[in-house]
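Some structures to go through are shown next.
Two complexes come next, and they have one chain in common, chain A, joined by chain B in the first and chain C in the second.
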Partner chain A sequence: MVTAGAARPRPRRRRAAFIAGPHVLLVPAAIALAAVSVYPLAYGIVASLRQYRYGLDMGFAGADNYLNVLQDATFLTALGTTAKYVVLCVLIETLLGLGLALLVNRQLVGTGLWRIGIILPMTVAPVVVGVMWRLIYASDIGIADPVLGLLGVHGVHVLGGESSAFLGVVLLDVWEWTPLMFLILLAGLQTIPQEPLEAAVMDGASALRVFFDHVLPMLRPVLFVAIVLRTIDALGTFDQVYVLTRGGPGVSTQLFSIYAYNTAFLFTQEGRAMAMVVLLLAAVLVLAGIAIRLVRLGPGTR
Partner chain B sequence: MAHKEEDVKSESILSRQLSRRSVLKAGLAGAAGLSVAPFLDACSTFSSSSSSGSTNKIVIGTFQDNAMVPFRDVFVKRFQSETGIKVQYNETNYDAWYQNSKNDGLHKTGAYDIYVMDDNWVPEFAAGKVIQSLDKLGFKVNPDILANGLNQGYWPPKTGAKMKAFANAQPELYAIVIIDDVEILYYNKQYFDGAPKTWDDIAQAAQSKSKPPSLYGWSARGVKGNPIVQTYLPLLNSYGGNFVNQDWSPGFAGPEGVAALERLFSFIPYMPSGSAEFDTDQEVQVLLQGQCMALTEYTGLTHQVDDPAASKVSGQINMAATPSQEKSGPAIGTFICGIASGAPNPQGAKKFLEWFTSSPVQIDFAKTNGSAAVTGSALTDKTISSQYRWLPAIADAVNNSVAKPHTPDEPKFEDILGTRLNEALVQALSKKSGYRSIASQKLTQAANEITAYLKQQGGYF
Partner chain C sequence: MKRRSRRALIYLALVAAQVFALFPFWWMITTSLKHQVEIFGGLEFLPQAPTLDNFAALFDRYNFGPFLANSLLVVAFSVAGSLLLGTPAAYALTKLPTESWLQRQALIVVLLVRMLPAILLVIPFYLVLANYGLLNTRLGLILVYTGLNTGFVIWLMQSFLAEIPRDIEEAALVDGDSRLSALRRIVLPLAAPGLAATAIFSVINIYNDFLIALTMTSTPDAQTIPVGVSTLIGKIQIQWGPMAAAGVVGALPIIVFALIVQRHFVRGLTLGAVK
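Moving on to the complex of A and B:
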């Protein structure tokens, strides 16, 4: 006897198909992800364990590339410069971005225009930014030297001195990436409920107290995300600094990324360059892990 | 009713579009497409590149440079019309071309027959078999080609220090010079009685005639890396120093090297104060604007000095070999051609290079805008020289030139020395005294770093 129920799949098969279905659907995406992301990463790690010379793969090198990199004084200097650069840039950009976000969040006259004006630098390609600031800083045709002269600072060529070039590179980064911090923090500010703030004001809290006791704790998760994103991005800064100074004068602006690039493409030490990149990747992962943990533990997330 | 039918129809279309099976099918087809696309792309590239395997076609790849314009616009076309062999000419920027050519040669892709290279690529490209031996292809070298230019194409090198692995190997010609680019002295004849022979002559003229910032006595490239090394090498060579000695020990940290750097620093009162950030464009501008008495630069500048659109002192700049102290020793940096290891048409490529480096063609090359030809007969031809006054200076400079170390690690040497030279210049510009101590300290630091790097690399000592 054929019943209507017999024509339908058995419940166990249906359940198996139900469980397997989404996984099967994920296969194309997984293949694509593996092809464009996992494979290059795995290839890079393998390359960091091999020795290259004359463009040829000379065989397994064990940990030699890592040991050589860690004994390379120029690499360690580049790491130090990068750390200094990242801390300074992210700190200034966070403070400026937060300040600007607080201002624009107050719905001043022409808020839309302010917003567009502030985010404009972020939309310019980093290479173009590098060329632009090179023209500004150039000692022969730039406007930086005459402006500094008007302020009573004479004889400073921004790109001609080690400290001034470093500060010049930081200023460029601040100009270009403060808008990103501004944008993220403004979005964060706009999600904060107004009731607790209004209640605090009614209770007689000053503006500073409202900010530190209410706004900042509620903004904390967004602030952390913004700082982590910007830190990871700043660690990989390359284009604009390469165009502006090529890492000079001396090694004063030689960031990690510039040294790794030179090691791979100028000195043709591909294995050693990959070891540098893997070390940086490990550092970024640790940093991101710590930041995520801090966000999870933070009071703003309760 | 009609509406109902339409609704049922559209519902069935919708259900057909969104059924799991169809989504799965589309997904798998998409994934298959994604995974196959690169291979298809590679196959199409391969088939188009292998079409250059015809004996009637060669493909030349090069980096963009103004010095290559006559080669591209006049001589490639002339070769085509004279031989019937079609030439495809692909150019890109320097860095990209270095990578492209290296990858093409290493993997024998066969996309190119001829690579136009910078001479310092030759050690890596020859040792790594990116290019093939011209000797083995039966290449006939024109004996009229100046020896110092020709020697840039040998691996292992004919002269200078050799890496241990290649110490006993017979030098073979892997690349042939096509443009003798070399550093020469450019001086504004208004301020000199004839060509200055020594660095002292230039220093004296700078001291007595320059009036910075309206007129500088000297201009130089001071940016770290290759630019400042190019400034320093003619000084180092002329004071009797070496970049590296025969045993690979750095030869610039001794008294000769220190004296050469001190000489450069002695020009500081007569140089633009921002020289530590100067690259070619800024260095050259002060000369072309009539604000500088002299400088050393490669031959590419010859095409600008008489161009009224580019120069305010058109016709006033003369050229000579770089000044001597113990001797003249300009740096050489030729444009040089190799035949790709996977060249589809190596015989066609060989024919082109033999044709272009032949004496009659080189004479015509020199006649085209005074290009830096590679043969003695072209560079010293009196008729051509009367029109292009820099050609004898180029011949003189090539004959006295000192090659950079022949090793794939040369860019690293240059980076180390160039970084420390730049630091020394920054210090000297700010302190304006203690030049000898600054020079000695920074050159010793560079020498120690290069020695440490060579030991780490192995194959040198």
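Moving on to the complex of A and C:
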């Protein structure tokens, strides 16, 4: 390695270091990344072809796990619940986040403070978010049931009924992740040049027209990135639901990840759980492929 | 007049959003400061006789001493390890010719690893760690977190490093500095704020993780704070006071950190896709 103290310039060595340098620095990180992604995934795919009982490997099972999973009504229900959950959450969060971003994107008294207040929910651990909402929804000490009573809905325990528990979990997700949508979309709005908008207003366009004709088209790339990122994260939702309902009552809030977790760690059928996970992986890869096309890659391209 | 009432509506909507966002915090914090009797005594928005008993109970009865120690140890080693692995790699990526094949592929792989939902990885992790006898050890957690967080560090750091003008570094090279000393004297000082932000985001990510810690650990020998919080919920009769206090312990340090880096939030969460 050439050091700072080298008095005589040694161009050839320096060139060698320059060419070899960057690639060499990538190696340790590449090994670490492979160790936590390629290796476990390969291991998992092999495991999905084997039969596990009580955590013990009982031998090769071929496609049994996959066939089993695809015929499992509970699994299909969990997929449906997850799809409903993801669509509902992402939709509400996008609309609310966009609305809030439009509200904040102007001269306001104490701009920074509004922002901090809004983003606080997404900073805390999902487990803690689960605790917070457990305290709100609790039927004996919570505040949700009395509030519903004030609104004329009596005798409902949020986490006691199937549809109310599902909506309760969605509300939690909206509370926690609308801030992310808000922040990304606000950042997007702030990069939009103001002149064309002002010109349109001068020409007498209404606020709605300006939004749909000028703001929305320019915001579209950022909007896509935000939606894809949030969709992928929402597909894997686990912590809050585990703390809040463990998937109940019944299977009303049993998302994909909760069912896969139960299969692997409660029923100790790791092979079958891996088969579920591999199916999800395929879905995520498709989404991630879309995301990567949208996210502009690398330095110098911004 | 119409203009003024529109402004009033905007502020009204913002105040409503703030109340919605902040109320759960308020409810948890006040519950954590109430006696058992008061918690069940009806809806009170302020504790009548504030007490720290619930917090004391966490450490006396619910193992929060070991949980906290495990969390601090695991976070410290994993963040240090992933910064050491990821920062040089990020630097190397910014030095490769822009848009080169290797740079593109490397970033795609890193991004993919970040996007994998934790549930995809925990089952194989569990099987692999069991093979090596690393289940329920802090070392096992450190290895997993270090590897996973390395991808995050690479993404974020390359986005910060790419902002340092090449000219400055090249000027130092022309002046006779070696690449290593240019890195040390010029690049790292300029990247320091980005490095700090990356470190803080890493602390948040790892401290907040639940699913990996839940599946890899089973006793207070290695369980971290989020897992500790969840152990309070599994009980048949939930102790609301200690549970609220546990939530406060889980949230507080992270909120402080988060406020420090909130300027970089968008970049941290979208991996530099949006600034």
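Simple rule for what comes next: the second predicted complex is superposed on the first by the 262 of 302 C-alpha atoms of A that agree within 3 Å, B and C clash if a C-alpha of one lies under 4 Å from a C-alpha of the other, contacts with A are read in each partner's own complex, and residues count from 1 in each chain.
Keep this in mind: a residue touches a chain if its C-beta (ideal position, glycine included) is under 8 Å from a C-beta of that chain, and two chains touch if they have at least 3 such contacts.
Source: prediction; values computed, not measured.
In the superposed pair of complexes, A:F267 makes contact with chain B only, with no contact to chain C. When both complexes are overlaid on chain A, the residue A:P249 reaches chain B alone and has no touch with chain C. More residues of chain A lie in touch with C than with the remaining chain of the pair chain B and chain C. In the superposed model, A:L33 makes contact with chain C only, not with chain B. In the superposed model, A:V284 makes contact with chain C only, not with chain B. After overlaying the two complexes on the shared chain, residue contacts for A:D140 are found with chain B and with chain C alike. Residue contacts after overlaying the shared chain place A:L25 against chain B and chain C alike. Shared contact residues of chain A, touching chain B in one structure and chain C in the other: 21, 24-25, 28, 32, 35, 55, 138, 140, 265.
Contacts from chain A toward chain C in the complex involve residues 1-4, 6, 9, 14, 17-18, 21-26, 28-30, 32-33, 35-37, 39-41, 43-44, 47, 55, 100, 103-104, 106, 108, 114-121, 123-136, 138, 140-141, 143, 146, 175, 179-180, 183-184, 186-188, 222, 225-226, 229, 232-233, 235-236, 238-239, 242-243, 256-257, 260-261, 264-265, 270, 273-274, 277, 280-281, 284-285, 288, 291-292, 294-302.
Interface residues of chain A facing chain B in the complex, by the touch rule stated above, are 21, 24-25, 27-28, 31-32, 35, 53-56, 68, 71, 73-74, 138-140, 155, 157, 159-162, 246-251, 262, 265-269. Chain C meets chain A in the complex at residues 10-11, 13-14, 17-18, 20-22, 24-25, 27-28, 31, 39-40, 43, 82, 85-86, 88-89, 91-96, 98-99, 102-104, 106-113, 115-128, 130, 144, 146-148, 150-151, 154, 158-159, 161-162, 176-181, 204, 207-208, 210-211, 214-215, 226, 229-230, 233, 238, 240, 243-244, 246-247, 250-251, 254-255, 258-259, 262, 265-266, 269-271, 273-275. Residue ranges of chain B in contact with chain A, taken from their complex: 20, 23-24, 27-28, 30-31, 34-35, 95, 98-99, 102, 106, 123-125, 127-130, 223-225, 272-277, 282, 285-286, 408-409, 411-412, 415, 419-420, 422-423, 426, 429-430, 449, 456.
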